[in-house]
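The structure appears below as structure tokens.
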Amino acid sequence: MREAIEDLLAAYAEAIDDGALERWPQFFTEDGEYHIITRESHAAGLPIGIMYCGSRHMMEDRVQALRTANIYEPHAYRHLIGRPTIERNDSAFAVRTNFCIYRIAQDGDTVVFATGQYIDQIVEDSGTLCLRSRRVVLDSRRVDILLVLPL
Amino acid sequence: MREAIEDLLAAYAEAIDDGALERWPQFFTEDGEYHIITRESHAAGLPIGIMYCGSRHMMEDRVQALRTANIYEPHAYRHLIGRPTIERNDSAFAVRTNFCIYRIAQDGDTVVFATGQYIDQIVEDSGTLCLRSRRVVLDSRRVDILLVLPL
Amino acid sequence: MREAIEDLLAAYAEAIDDGALERWPQFFTEDGEYHIITRESHAAGLPIGIMYCGSRHMMEDRVQALRTANIYEPHAYRHLIGRPTIERNDSAFAVRTNFCIYRIAQDGDTVVFATGQYIDQIVEDSGTLCLRSRRVVLDSRRVDILLVLPL
């Protein structure tokens, strides 16, 4: 099962890095949740994050908005992720994975955009592994305004 | 055995990144050694490093000092580590692993703090894998003065 | 087979990071190809890259030139690579792997030198896995002039 979970995590990263944003909601269950939250808020148990999508439908809306509004400076991400820690619960796998995301601007400028940890609930949905919940916990409280693409 | 070794390496990184420093000595055998050394010194076979702990007890002392003195600017690390190269010796596993450690300051500023390679001797101690020796070989000769947390 | 492929990728990275450039051509088949190309050119299907070696012999020549000319500022790399995506074709494995390469200058200055994706064709050659083709796709169009060591 570890292999399948690692494949899911790698495929998610590759879809974002390739700019294939339409594939992003498909990594989630229909009622899947996606949070971005700072480490401080997460540690304090504060539910309010920087971004929240409460269903696959909300994610699709978000991608649609990105594709049509498109007023941000073009840029791409490159993900590097660590070895996930996996714990099996009754109904899901609780998975934690370190990440570093680099952002490449159109002029080629490359910066460490975000480091942190994915805290995921992964379930089997019609024979496929999906995210029921992905909490993107950012190490830094300084969140770049250019938070456009999914992390 | 590779799985268990990779789990150990990931758990070590996560403990530091979570700030759970009290868990750090527990990854070592009682007579475990912890070195930080530059690549140049390592290549030249120079035994003198930047930091040295010669037993689990010394590590515990060091954590205690960090917790009480606590005069450094608060910061956190985030580790990303590569695939380990593993060779079995008579009594231990010789393991080499690339790493990159990001440092996140309290104001959120994130920098590449250190890159290098862990050179480890890993043994089984009462059924658990432990570090008998971890040599943290830093690529850079320019060592930041803020070398407080374990790497 | 995944294990063997991941070992190959890790050994390649370690050879470069250790400065053991003479080992670099040996990761390729005799007619192996090595390209460096920007993401834009790759996406546009443009065959012209930043660097090209069309055989192991050309790679050996290049290493020889590096060793003798040696007029560049000394520096080292440190690779971190992600989990490869592996697809089996008739005659080869098509493998894609995210990478980040740090460059450490002699004075210790460390920068993110390049991020991107390796796109590889890996084959079995006399019982050993080898690169028949490695395409190093760089995220950034801004290519550092100090492109000396293999990526």
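Here the chain labels run A, B and C in written order, and each chain numbers its own residues starting at 1.
Just so we're on the same page, a contact is a pair of C-beta atoms (placed from the backbone, for glycine too) under 8 Å apart; a residue touches a chain by one contact, two chains touch by 3 or more.
Keep in mind that what you see is a predicted model, and the values were worked out from it rather than measured.
Among the remaining chains, those touching chain A and also chain B are C. Interface residue usage between chain A and chain C, two copies of one sequence, is largely distinct: under half of the residue numbers at the contact are used by both copies. Centroids of chain A and chain C (each the mean of its C-alpha atoms) stand 28 Å apart.
Counting partner chains per residue, chain B shows two or more touched chains at residues 80-81, 100, 112.
The residues of chain C lying in touch with chain A in their complex are 2, 39, 80-83, 85, 96, 98, 100, 112, 114-117, 139-143. Of all residues in chain C, only 3, 6-7, 9-11, 13-14, 17, 76, 78-81, 100, 102, 104, 107-112 touch chain B in the complex they form.
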